[in-house]
Amino acid sequence: MIVLLTDFGLEGPYIGQVKAVLLRDAPALPVIDLFSDLPPFDARSAAYLLAAYAREFPQGTVFVAVVDPGVGSERPGVVLCADGRWFVGPDNGLLAVTARRSERAQWWEIDWQPERLSASFHGRDVFAPVAARLARGEPVPGCVVDGATRVGGDWEEDLFRVVYLDRFGNAMTGIRADRFAKHDAIEVAGRTLSRADTFSDVPPGTAFWYRNANGLLEIAVNQGRADRDLGLTLGAEVNRIPANR
Amino acid sequence: MIVLLTDFGLEGPYIGQVKAVLLRDAPALPVIDLFSDLPPFDARSAAYLLAAYAREFPQGTVFVAVVDPGVGSERPGVVLCADGRWFVGPDNGLLAVTARRSERAQWWEIDWQPERLSASFHGRDVFAPVAARLARGEPVPGCVVDGATRVGGDWEEDLFRVVYLDRFGNAMTGIRADRFAKHDAIEVAGRTLSRADTFSDVPPGTAFWYRNANGLLEIAVNQGRADRDLGLTLGAEVNRIPANR
Amino acid sequence: MIVLLTDFGLEGPYIGQVKAVLLRDAPALPVIDLFSDLPPFDARSAAYLLAAYAREFPQGTVFVAVVDPGVGSERPGVVLCADGRWFVGPDNGLLAVTARRSERAQWWEIDWQPERLSASFHGRDVFAPVAARLARGEPVPGCVVDGATRVGGDWEEDLFRVVYLDRFGNAMTGIRADRFAKHDAIEVAGRTLSRADTFSDVPPGTAFWYRNANGLLEIAVNQGRADRDLGLTLGAEVNRIPANR
């Protein structure tokens, strides 16, 4: 299975062209769009989403992960194998959190180039063809490199910021909810919010935090919109208020 | 074939995770996103859309239908078999209109749970795995229940409201157009509109109603937008003005 | 492979219904959404996008191309075979630029109708079933017609207008970038812009034009949005300022 996480948007011709390449190079393999609207150009936020969402997939899955503001510059493309899952993308930190949280991680720098390489669409021209090769069981077209020198190796364990706003106005953070105690509160946008198990546990209009279905700390309002009702935007800071304070 | 109708949005990781479960549990089966942007949290409006759109599909099709504001509360999950098509979703009325309009309908309450059940994403954790079982020809994991006691059993035959606004600003209603006579008019948002067969039958800028490609009464403006030009929003009331009045 | 280019939007039930028909009539064939948000009702702009994006696909690909403001009127449906690729859509100019740029082009007028034909959704009812037939290797259900009399045969070689705004605010034009010299500038929305190879070649906030990954002249702003920063809208005029002026 090949899984796509990108900031390309569902709009436009971008995802379709990536799928056409995968169909050409790995025809029998199913492809799943997991995230097509990662925060544009924000590799750091996306890195914490990727780490949270990729772990649900079986070993052998190949992820094409592209949030790539430096496309066309000198940043290399990399392959990561982390606990049996494969990741292909730019070396800009996007894969770093996944690597750090894995027990076994190995990195390669991609040294393969297609005959025709565009300056602005390496997702189609480099990362998709490399992912197809890996999915077919072929060796990585590149050299093993040291993980310690990859971009993002020094990023924080969890990102105490809003990293994604969904269709319903819920705000995902880069924090693994299990690192918080049940009675910890959070402070965000000047407000203090308690935890609830789920929406129906609080009265309509009440804001709260909860462990979302993929383990991230998420901020929501029952029958409301956290983005609008709390004034939350991408990047908004989140602080922990320990229960025993 | 498995068909998805949800309010998850195409954005975000929701549809992709549901597809990953279907791929794991029913690998050979094609999956079609029919509606990913049903009116959020509005099971009643969605029920009339589901009834109108499901009937185009062949017998044996399995529908995963999720508009589920009560997820995580005590509302049960149900399976409906209606005229040979299968439906899996929450017992909140979403499947009720489809059941009522069918000649043969049987209901089950789902009593199966996965090992790990999230509080907020039963579409992925319960309804998709159950749909995959049905699609593989396995028995329903649950007990037969009485259809008469399901939520929505007493809802109106047709819903005289706007239930969906599409990309072009056209407003679908919950009314089957064939229940109206050719010369009936409608009253909506303080305006009276006549019927036309299609867009090109009226001058540019003219609002009208027509029978859409799935049999619903739909409100449109030739070369305009009914939502903006008439001030229509989801839930707007629609009334019939009989031809002979 | 069947490739869809439409203005249906990803929202709503339109693409899903087209895919259901293709699955019914050509079950083994992969289907790719290349563009689901072509400029609504603007067959002329879409024609230049189709010509630029279709050429990347292998011979034998069948394209379903639908931007069809005249649906339900008398405009015929047509099939085009251009350099070994097949195109199915309305005769409103949408296929004309592709035909003109090909070495071998043959046209048919579709004379097939399904048993049930809606007035507003020929994409589902006519073009998809015809595309499935072609993809299965069956003959075109129609008569050969003269290409010279098709709508759009007299349209300009390249369209000097903005034809698409993408998720990032980049503005694609209907101009093949290779028709411009490296040092040509463009004039758009009262501004003069120079060429760059890619985003990272200009300082943040700088607007420029470049050859996009499919050969079109595209207008962008490094770390900004060309639509907002330059006030660009669909249809905005673009002029060439030759290097030696």
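Letters A, B and C mark the chains in the order given here, with residues in each chain numbered from 1 onward.
The criterion applied here is as follows: contacts are C-beta pairs under 8 Å (C-beta built on N, C-alpha and C of every residue); 3 or more make two chains touch, one makes a residue touch a chain.
Everything quoted here is computed from the prediction, not taken from an experiment.
Peer 1: By how many degrees does chain B turn when fitted onto chain C using C-alpha atoms, rounded in steps of 5?
Peer 2: An angle of 120 degrees brings one copy onto the other.
Peer 1: Over half shared or under half: which fits the residue numbers at the contact of copies chain A and chain C, same or different?
Peer 2: Shared-number fraction below one half, so different.
Peer 1: So the centre of each chain is just the mean of its C-alpha atoms; given that, what is the distance between chain A and chain C in Å?
Peer 2: Averaging C-alpha atoms per chain gives centres 31 Å apart.
Peer 1: Which chain A residues sit where two or more other chains touch them?
Peer 2: Residues 10, 37 of chain A each touch two or more of the other chains.
Peer 1: For a test of understanding, state which residues of chain B touch chain A in their complex under the given definition.
Peer 2: Residues of chain B touching chain A: 8-17, 19-20, 23-24, 27, 37, 40-41, 69-73, 118-121, 124-125.
Peer 1: Within their complex, state which residues of chain A touch chain B.
Peer 2: Interface residues on chain A, with respect to chain B: 1, 3, 10, 30, 32-37, 49, 53, 56-58, 164, 166-168, 197-201, 210, 212-214, 223.
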